[in-house]
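Heads up, the next two complexes both have subunit A, just with different partners, subunit B and then subunit C.
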Partner chain A sequence: MHPNLSFEQAPPIGVPYRFFLTAPWFGVAAGLLLAVFGGEMLASRWTPGTLAATHLLVAGFMLQAMCGALMQFVPVAAGGNIWRPTWVAGAVHPLLIVAVSLLVAAFLSMHPPLFIAAAHVFLVTLAFFGVVVSLALWRTPARGATIMALRIALLGLLVTMGLGVTLATGLARGSDLPLLTLTDVHVGWGLGGWALMLLAGVSYFVVPMFQLTPAYPAWLARGLPVMLLLGLLAWSAQLAGLGENLRMGILLFGLAVGSAFAVGTLYLQSRRRRKVSDTTLLFFRTAMLCLLAIFLSGLLFAVRPDFWNDPRAAIWIGMLALVGVFVSAIQGMLYKIMPFLNWLHLQRLCGLNMLPPTMNQMIPERAMRRQYYMHLLGLALLLLAVWQPALARLAGLVFAIDCVWLGLNLLQAVRVYRRFKAELEHKTAAAV
Partner chain B sequence: MHHPFDPVRTMNSLTEPLHQHHKHCDELFADAEAAAAAKDWSRCKSMLERFRDEMEGHFRTEEEMLFPAFEAATGMTGGPTQMMRIEHAQMRELMGQMQAALAQTAGEAFAGAAETLLVFMQQHNMKEENILYPMCDRSLAGQAADLGPKLHEKLEAECLAAQ
Partner chain C sequence: MSGGPVNPTASCVVIDGREMQPPEPLEKALAALDTLPADGELLMLLYCHPNPLFNILRNNGFVWQEDIRDDGTHEIRIRRA
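Up next is the complex of A and B:
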């Protein structure tokens, strides 16, 4: 059987869009939470508000966007057939909203049954999603670094979820397990094994495509997922006990692998053949600089243990990773994917007699650019607020506005899609 | 020493010239787009013409020589090659849209059509390079000695005729 030259395999447009259109509003909720709780939320990673906001970003914003992206990317770019995508998306999307809402309520109330409920919904939803997407990735005839990274990312998602479920039930019922160490391993797999792995796998594809850069060299593209996976396995060994120096060494190794990806991407982008730069490129560069900044911060913390022992050090790293790296990269990516999918689907509806609006008419470049500046302002304020808690409320508010703006820009794309589709149907009806 | 970020030269295959020509067309596209962004319309006009002609030469080489050979060898006439022909037609439309914007020196319309064409063209090239060309290389391996140089010649002739 020959692999398909796919777009025929592309899922209906509503499959990725329901995830994409939901993601920003979790960011809004996280920002508002900070605006309400203020500076105390940035004092330590263990306050209820911090845990709630963190999960609004990772299991709300990021997970929604990433699941939606996989539903589109796996069939179209990786040649993997996802089983009944409309049905899968129709189940996974609302269940994830329920799961995150339960978890956030659990953190804010510390009410044990809520943790148990959240754990169950996450377990069922992500195990189902993981199996469906893994099957598609397992059977695809395509090969290469992207497929490898996506497969490991799926493993990372499942490990993260398993550890998360263990933590939630441990918190609810009491447990002999070393919950703090488990949390560090959970974070490692979530950010490194799932989020960064997925970002890398997708970047191998879209960075050359959007900016006409040279391809990622094979040693980097293939070496990165392997090194990251090895780092995570070593990082997990702390569950059996590791010395503090060794632990720091493994952490720095993992961060160095991440920064190799960042430097590689920035280098490729500097060699791009496309001379015109766009908002997606700015978002991507911001993300890569933040990834690099995490490594540099790690180096600083390694030589200055007094900084590292400050609870705000972890908040600083987390802010750089979540808002700086992943929210930035996702925003930039959505600004390319949604206008293009709009165009592609409309184009198919109208055949060759009529052309749909161009990508720039779906979301005007100006609107994206202004939202990017708002994002930069939000990110800068959040980073400052880690050390200047008086800024926390303002930073939360600005970040919420940043995400509202993103959400509205994406809705704008949907409006253009709907309007054009209605016009088209009107014309077809008139012709008949 | 081999620069670690330079692509490793791939094995010489039947479709290698077409593969290389994609990169060349990318460059021409980037020049035309940059000229439009700088509102250098006369330069944009000549760059866009060159780009369109070379794209057309590329399409014709595929549609008139490579695809028929592949279809004859595999009996697959309604499958991937048909899909690629449709996408060629869509790219022709988008290039037409760029041309129309250029005629009106409408910068934003040009940028919009260019952006759309770029993403569409890249996903098209990726499908050809990752799936269709390897399929062609395999199914036409027996004729490579004959068809390879012919493809190369046709591509060059089409693009030279354009200049």
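Up next is the complex of A and C:
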């Protein structure tokens, strides 16, 4: 059975859209960076280009899309009232663009004042965003696994930001802190505590609703956030010192929890009531298969430490996680959410007098499907380029094209929305 | 798919939206309401409580009755007020 939605609480359409429409262009920038730097960028996770491109994806593409999704999802699906959403989005959206731009410039130039500036803007913006959304989530009368996952995800975002600010100031001013270990904890909270937690919480809602699958079983839906949180707390204990075997064991535990979510989602999709494969389903399947591949890679690295010691192993995992799991899942979600929001907002404007364009007219299925194939090609090339650096420039270029195409398809939905709204206003004016 | 028989009458339009992706059931319902005769009835079968549809019905002079079957199907009978 589907959960209920309360669209009366939905924010103005521009609130989520400003985030959604910005996200793809950070992906374009990351792809172009790889196209410029080439194979040297994939030699190690610590090169300036790698750090810059990684943050273009996580704090640019992913964070924009996820903040926009929360601004829409929390009031509509979780029943939480976000304080002045238009004002919050109007402040957070540009500040995040500034923060990411400063951080990327800092990594590329290694100029200390830029790290300090980026850290301050991130701190102010995400602390403000975190408090506003947390208040809405704590005050909502709604209960359930989605709410629990969203609350932990917000905690994950704030911990990630706190660690990131510490790292940035440490890089700028020097620090006695173990920055490499701190980075691993920062990555764990960012990808597991924030991104995967949010993806799971939203999936509990949208996968059954849009992909017509049975609901996630309660033990999985409630168990996953708790297990992931326990894994992250254990992972954070490395700041106090942990043996290498224990560290690898905790990592494998976290990856196993992630793979349980992937297997559960793939199983539910195999039992969906309507056996038509739309593009969102394909994007989601790709994301879940990549999540599974990360766990299998982790197992391989555990039994073959010589592979794990290769600097490219971390790049391989990162590529699977960022482009394979999160960029794929976000692209699929955007293709479902934007036409759906278009339709709902237009329908509210026209009542029964005029029917809004159908979902398929907002972004044609063929356009989304072709872009999905480009995304698959980009992902395959990026994964190959980890081991064949000669492919890096081509992979970067194809990924940039993938994201440009996504951006243009999303703009197409906005054009349809604007055209129909103008037509409606014209008819209303003529009738008066 | 389970659930009891629907028994539509001549003036009853049935939309089984249980295997449709949102907002397809709502799209079909709006098209059907547009041409619903004065004594006609629209029967919708869904797996959810469609708040957006109820707001539209309320604002456009329709009344409805909602029953929930054992299998979770929401049976919604809509008429002109």
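Operating definition for what follows: the second predicted complex is superposed on the first by the 427 of 432 C-alpha atoms of A that agree within 3 Å, B and C clash if a C-alpha of one lies under 4 Å from a C-alpha of the other, contacts with A are read in each partner's own complex, and residues count from 1 in each chain.
Note that in this section contacts are C-beta pairs under 8 Å (C-beta built on N, C-alpha and C of every residue); 3 or more make two chains touch, one makes a residue touch a chain.
Every value quoted in this text rests on a predicted model; they were computed, and no experiment measured them.
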Which superposed partner A:P214 touches (first subunit B, second subunit C, both, neither): first
Partner chain(s) touched by A:Q361 [first = subunit B, second = subunit C, both, neither]: first
Contacts of A:W343 with subunit B and subunit C, given as first, second, both or neither: both
Touched partner set for A:R273, first subunit B, second subunit C, both or neither: both
Greater subunit A contact set [subunit C / subunit B]: B
Which of subunit B and subunit C A:A142 touches, first, second, both or neither: first
Subunit B/subunit C common contact set on subunit A: 2-8, 209-210, 212, 273-274, 278, 340, 343-344, 347, 352, 355, 358-359
Contact set on subunit C toward subunit A in their complex: 1, 18-24, 26-27, 30-31, 33-34, 46-49, 51-52, 55-56, 59-60, 72
Residue ranges of subunit B touching subunit A (in the complex, touch as defined): 4-8, 26-27, 29-31, 33-34, 37, 76, 79-80, 83-84, 89-90, 93-94, 97, 108-109, 111-113, 115-116, 118-120, 122-123, 126-127, 130-132, 135
Subunit A residues within the subunit B interface of the complex: 2-8, 77, 79, 142, 205, 208-210, 212, 214-215, 217-219, 264, 267-268, 271, 273-276, 278, 336, 340, 343-344, 347, 352, 355, 357-361, 365
Complex interface listing, subunit A residues touching subunit C: 1-8, 209-212, 273-274, 278, 340, 343-344, 347, 351-352, 355, 358-359
